[in-house]
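Please find the structures below.
Consider the two complexes below, in which subunit A is the common component and subunit B and subunit C are the respective partners.
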Partner chain A sequence: MATSFKQIEENLKNEARKLLEDQKVSLVLAYGRGYDENHPVPFVAKIAADVENIVFNEYCTANMARYLVRYPRGTKMAVAVKPADSRAVVQLIQEDKVKREDVILLGIPVIGMKNSKTGEVIDSKTTCGLYNPVLYDVLLGEEIHGQPVVSPYDVLAQYEAMDKDARFAFWQKEFDKCIRCYACRKACPMCYCDPCFIDQNKPKWGEKSPQSHGNLMYHLTRFHHLAGRCIDCGECSRACPVDIPLYLFHKKVARECEEMFGQAAGKSIQDKPVLVNFRVDDSDKILE
Partner chain B sequence: MSFEPKILGIACNWCTYTGADLAGTTRLQYPQNLRVVRVMCSSRINPSFIFRAFQLGADGVLVGGCHPGDCHYNTGNLYARRRLAVTKKILEFSGMEPGRFRVEWISASEGNKFAEVVTEFTEQIKNLGPQTKFKIVK
Partner chain C sequence: MLKKTAIQKISDLAAQLMQKGTLIAPVREDAGFNFREVSDANQVDLNFYNTLMSPKLAFFPQMEDFVRYQTGKSVLEAVPVEISLKPAFLFGVRPCDVKSFEIMDIHFSGTGAVDPYWQKRREATAIFGYAFDVNTPADGADFYSTLGIGAADPEGSDVFMMKKSDDLLLKAVTDRGEKLLAEMSGLTDATPDDLKYFDETVAAGRSFKTRFTCVEAKSVAKKFEDLFHKTPFWERISDGCLSCGVCTFVCPTCYCFDICDETLFGQGTRRRVWDACMFTDFTLEASGHNPRTKVYQRLRQKVCHKYSYHVRKYGVISCVGCGRCTRNCPVNIDIFSIVDQAMKE
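Moving on, here comes the complex of A and B:
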C-alpha cells in the first residue's frame, strides 16, 4: 500500500528540518502552498523555520530538478524527487551540471498524481510511468510494487500509424497554437542553455514572434536538443498554456534513441548521454 | 517546364568535398541541382542547418562525410552518425517525407560514388516533387 500524501508531507518536513538544522545542506527544494491547495508552487527552504511552509499533495507535479542548475556549483542542496525527477537529477549528474556529492535526493514514490489544470490522474500516457525513484538517498515512503507495468510508449502507436501528411497537419495545427511563452523551456529540467538557441540573434536560428515557421523551428530543434536526454516527466505539456502535446514528440524521440542506442535517459549515473557518445559498431542502418 | 529541385549538399572537407573534386576533375556528369556547402567535418553540422535549409526552400538535403573510422578527426563522423539519425527520425515524425534527407559516406577516392549518389538523390527528389511543408510562405 502506498504511503499517503499527508504522511509523505510529514516525512518531507522532518527530513528537511533535520538537514537544515544539521547544516548538511544550504537549501531544500520542495513544494510550497500556492493560492489554493490545488496549485502548489516550487518552494525553496533556506532556514529550518521555512520548513513549515512545505506541502506535498497529489498536485505537486513540478519537476524540482529544474532548480538545481540555478545555484552556483558546489552549493549543497537537498531536492524532493518524484520518479521522473530522480531521472532528471541522474541525467544532470551525467552531464556534470551538478555533482553527486552536492545533492541529497529525498525520493518520493508516487501513485495517483493529478494534473492541476484538468484534474486527471497522470499515468504513463504523459509521463515515464515509474512509481519509484531510480536514485535517492532517503525514501520518504514505502516503495510501490505490484502495479501494472505499462510501456510509456504505448500512446505513440496511433500517431505512428498516421499518414505523414496527416501527421504534418496534426503537428502544424498544434504548433500554430504556440504563443512562444517558453513555459515548456522554463519547466524543463534539461533546458539550461544560456542563451537558448532561439534567443540568439547571430545567427538567428528562427523567427521569435509566434508565427508558424518560427514555432516549427523552435519546437523541432528543442526536441532535437532533448534527444536522449528527455526523462519524460511530461512537465512541458502540463506547463503549456495552450495544451500542445509536446510529450508525444519527446516520447517518440526518446523511444527512437532507446532503440537505436540501447540506453534510456537518466537511468544510471555511470552512463553517458547518447548523443555525446558513440560506438564504433553503431549500425549505418540507423540512417535509413 | 519540368521541376528542377534545389538540393543542399553539406560535404565534409576531407572526404566528400575532395570526392566531389575528383568527380569534377575526372569529368563525371552529375545533375546541377546540388549546391554544395563545405564544412570541416560532418559533426560540424548543426541539425538546425537542416531544418533551416528546408524552411528556406531546399527540396532535399544531402549530407556527405567520411566513412566511419576514416574521419580526419578520428571520431567526428561517429558522433555525426548518431546525431543525424535522430534528425532523420524527427523529420519523419514531424511529417516530412523521409526521402528528402540523406546521409552518405563518400571518401576522397570515390568520385564515381559521389556522381552516382547525386544523380540518384536528384531523381528521388524529382519524384517527390517540390517541398512545401517546411517552406516559409511569404
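Moving on, here comes the complex of A and C:
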C-alpha cells in the first residue's frame, strides 16, 4: 500500500522543518502552492517558517535535482526526490557537480504521478518507471513493492521497428515543430553546461533560427551529450510546449549504453559515467 | 451589418477568403491549436479555446528574412527580401489577443520608427475577432478581465464573430469589415433576435469572470519600481524559474528579437529571430560582461518590463492576460500570482 500524498506532504514538511531548525541545511528544495492545486511550483524553503508553504501531490512532477547546481559548491541542501530525481542526484555526484556530504536526499516512493498539462498518468512510457528512489537519507513513505515491473524500454518497440531512413524522417518531422525555447535543456537536471554549446558563437555550432538544420544540430548534439547520463525522468518531454517525444531518443541511447556497458545512469554513486570511464573489458561493439 | 452562417459551413467562408488572399486561421496540431496559413479550407477549426502560440506570428513571424547574400561577394550584390502584400485575413482571434496588436503597434509603428515588415502586414490584414464562450468558465490561467478586456469585446477587429448555438454571427466593426461582409456570398441576414443576442453577449463578456486583481496601471508600475531592489522578493518568486523561453515565445506582447547573419555553404541570410529576455545570453555583452547573470534578474526584467517600464514609457500595461505563459510554463510559474503578490508586498 503506497503512502498517501497527504501523508508524504506531512512527512516532507516535518523533515524540512527539522533540518532547517537544526541548521543542518540552508535550504530545502521541494514543492509549493501554485496558482491552483493541479499546478504546484518548485519551491525553496530557506527558513523553518517557509515549510508551511510546502505541498506534495500527484502533480509535483518537476525534478528538483535540476536546481542543485544553481547554488555555490558547499551549500548544504536537502532535496525532495522521486525515483528518477534520486538518479539525477546520483549522476550529479558521479560527475562531481554535487558532493554527497552536501546534500540530504528526502526520498519519495511514488506511483500515479500526473502531468499537470494533460492530466495523464506518468509511467514507464516517458520515465524510468521506478517506484522507489535509488538513494535517500530519509524515506518519506513506505517503499512500494508488488507493482508490475515494466521495462522503461518497452515503449521503444515501435521506434526500433523503423529503419534508419524512417527514423531520420521521424525526427526531422518532430524537430520541425521545435520553437527553440530551450525548455528541454533548462528542465533537464543533467544539462548544466555554461554556456550551452548552442549559445556559443565562436565557433557557432548551430543557427539560432528555428529551421530544420539548426534544430537538428541542437537536438542531436544534446541527445549525444546525454548519452549514458540521461536518468529518464521525462522532464524534457513534459516541458516541451510542442510535444516533441524527446524521451524516445534518450531511452534508445540509454538502452544501448546499458547493453554495451552493463550500467544504467545514476544508479550507484560508486559507478563512473560510462563515457568517462575506461575498463579493459569494455564492449568493442561500437568499433565493429 | 450583422450576418450569419451555419458553423458547419465555415469552410465555405474560409474558401472565399482564400480566393481573396492569404487566410491565417486556427488549425489543430499535435500539441494544440495554432494560427497557420491555411492551404485547405477544411483545416479551419473554430473548436478551440485559445491557440498555443499567439497570433502575433501573423505580423511578426519567429523568423523574418531581410537580406540574402553570398559570402565573399560585394555587399552591393546582396538582395533585400521583398514582403508580399497580398491581402490577408487573420481569422478567429480572441479579444485579448486582438488587444495585443494595439500594444504591439506602439513598438512597431507608434514611436515614429516604423517597422515596415510589421506595418505592411498589419495594413494588409483584416482581423476576424472571435468571442470566448461566455457560458463556459474561463481557463484557470486566464486573467484578461484584470487588464480590463472583455470575453467578447469587438473593438480592434474588422469583423467580430461569435457562436450562437449552431450558427456563427458575423458583425462588421469597421468600414473594411462592412465591405468584406458585403462581398461574401452564402451569408444570411441576421434576425432581430440575433442582433439582441450579439449585444447581450458583448455585455456579458464585459462582466465575464476570469482571475481578477486590481491593477491600476500607474499604481502597479510604481509598486514594481519600489520593489526593484527587494532582492529577496525576486529570488523567492524565481526560485523555481528555469529561465527558458517558453513564456516569452507564446506571449502576444513580447517583441524582442535578435538580428542574425546565418550562412550555409556560402549562402547567407540576414534575418531577425525572436529572442527572449529569459535567455542567459540575451544581455551578454561583447566584452564578456553580462549584467543579468541571475535568474531573478531576468524574471524581474520580464515582469517589470510588462507592468512597470512599459507603463512609464507608453502609459499602458504590456500584458493582455491571455494566460499562455502560465499554461505553458514547464514549472507552473504564473505572472498573475507574481503581480498579485507584489501588490501585497
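Everything that follows uses one rule, which is that the second predicted complex is superposed on the first by the 285 of 288 C-alpha atoms of A that agree within 3 Å, B and C clash if a C-alpha of one lies under 4 Å from a C-alpha of the other, contacts with A are read in each partner's own complex, and residues count from 1 in each chain.
Just so we're on the same page, a contact is a pair of C-beta atoms (placed from the backbone, for glycine too) under 8 Å apart; a residue touches a chain by one contact, two chains touch by 3 or more.
Just so it is clear, the structure is predicted and the values come from calculations on it, not from any experiment.
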Clash or fit (per the criteria above) of subunit B with subunit C on subunit A: fit
Which superposed partner A:Val242 touches (first subunit B, second subunit C, both, neither): second
First (subunit B), second (subunit C), both or neither touched by A:Tyr35: second
Which of subunit B and subunit C A:His213 touches, first, second, both or neither: both
Subunit B versus subunit C as contact partner of A:Asp199, first or second or both or neither: second
First (subunit B), second (subunit C), both or neither touched by A:Ile286: first
First, second, both or neither for A:Val253, with subunit B first and subunit C second: first
Overlay on shared chain A, then closest C-alpha pair between subunit B and subunit C (Å): 7
Subunit C-contacting residues of subunit A that also contact subunit B: 213
Residues on subunit B engaged by subunit A in the complex (per definition of touch): 47-48, 51-52, 55, 68-69, 75, 78-79, 81-90, 92-97, 103, 105, 133-134, 136
Sites on subunit A touched by subunit B in the complex: 159-160, 164-172, 197, 205-206, 213, 216-217, 220-221, 223-224, 227-228, 249, 252-253, 256-257, 260-261, 274-280, 282, 284, 286-287
In the complex, subunit A residues that touch subunit C: 32, 34-36, 39-44, 62, 66-67, 70, 116-117, 177, 179-183, 185-187, 194-195, 199, 207-211, 213, 235, 238-243
Contact footprint of subunit A on subunit C as seen in their complex: 29-31, 52-53, 62-63, 140-141, 211, 236, 239-240, 242-246, 249-250, 258, 260, 262, 264, 271, 273, 276, 279-281, 295, 326-328, 330-334, 336-337
